[in-house]
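So that we are looking at the same thing, I have put the structure below in structure tokens.
Chain naming follows the written order as A, B and C, and within any one chain the residues start at number 1.
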Amino acid sequence: MPIIHISLRAGKPEAYRQAIFDGLYRAMRETLNVPEDDQFMTMSEHDAANFRSGTAYGVARSADVVYIRMTVFNTRTPEQKKALFKRTAELLGKSPGIRPEDVFIVVLDAAKENWSVGHGLAQFA
Amino acid sequence: MPIIHISLRAGKPEAYRQAIFDGLYRAMRETLNVPEDDQFMTMSEHDAANFRSGTAYGVARSADVVYIRMTVFNTRTPEQKKALFKRTAELLGKSPGIRPEDVFIVVLDAAKENWSVGHGLAQFA
Amino acid sequence: MPIIHISLRAGKPEAYRQAIFDGLYRAMRETLNVPEDDQFMTMSEHDAANFRSGTAYGVARSADVVYIRMTVFNTRTPEQKKALFKRTAELLGKSPGIRPEDVFIVVLDAAKENWSVGHGLAQFA
């Protein structure tokens, strides 16, 4: 049940955007052991005027930077997050071919009782 | 002061989308005791290519799934969250008629000092 | 590495929206001591039907309300947040001229290990 929102500049073809979803899903399967079809993701495309990226922390980002905001259970360990970051950058590098400099991820932690994945229930509380 | 963002597939009429706002507001009034006109909500509509939903956790979601991301005070109890989930699914089921399988909610907790609801002040710190 | 998302009603000229980005960046530089070019921001413009704002907490908000959702290191102090809120409202008041009533900010805290600002690494863990 991670839920993910991806923000990027407008203009990429649909196959490119689908590859981002696919890569994230695969990275979550491999590093977080999420169950099958645990895919809850949205994407927003932004005009240049509504999107800003800097070069802070010595990373040569381009206009193709992708912001990935993920909310996960607060039981995920630093090791799992580290593995997730690494695998996500690898997979998005292969397809759709995003430079590793352009993969920006931030994770938010949410307690088990903070999720309702259907039916108005708190399934994990 | 919960602040809410709702993501859904594009194409629903305005009345449908307003009913989602109305239902969430009413659910917050009834279960979180938020003050009158405590309505801070945004909605984004996504093309199919920018929206993905799976069937994980045994829930038969449809293309009408609605992702509701809420940020609330970190003083809210698990019981309040449970009541909020239940009431939200009930109300959205009545109007605009969303299937309970399609109501997906995740709550983020923010400390009292993390809110500025106007005037550059930290009103609740 | 704060990452920021701004939501506002559609229709403001580009210069207005750039001034919001500029003001936020300057406020972060001055109050959070973020490094140079630490600018990671996205903006979404909403039709009236997809945007709702209330008057709760005695604040006379207008249709020009701006919702600013920021994720920061969880090491930021209440004092830093207070200074950030104050300075942001001041700067957005000067340019593009947003009323202080219309500046709504919520901060989310993310641990150091929750950030990957490029290269698939957890730079701050």
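We adopt the following convention: a contact is a pair of C-beta atoms (placed from the backbone, for glycine too) under 8 Å apart; a residue touches a chain by one contact, two chains touch by 3 or more.
Since this is a predicted model, take the numbers as computed values, not measurements.
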{"item": "Superposition of subunit A upon subunit B: rotation angle, C-alpha, nearest 5 degrees", "value": "120"}
{"item": "Same-site or different-site touching of subunit A by its copy subunit C, using the half cut", "value": "different"}
{"item": "Chain centre separation (subunit A, subunit C; CA means) in Å", "value": "21"}
{"item": "Subunit B: positions in contact with at least two other chains", "value": "44, 108"}
{"item": "Parts of subunit A lying in touch with subunit B, wherever the complex brings them together", "value": "1, 3, 5, 14, 17-18, 21, 25, 34-45, 71, 108, 110-111, 113-123, 125"}
{"item": "Residues of subunit B that touch subunit A when the two form their complex", "value": "7, 44, 46, 49-57, 59, 61, 67, 69, 78, 81-82, 85-90, 100-109"}
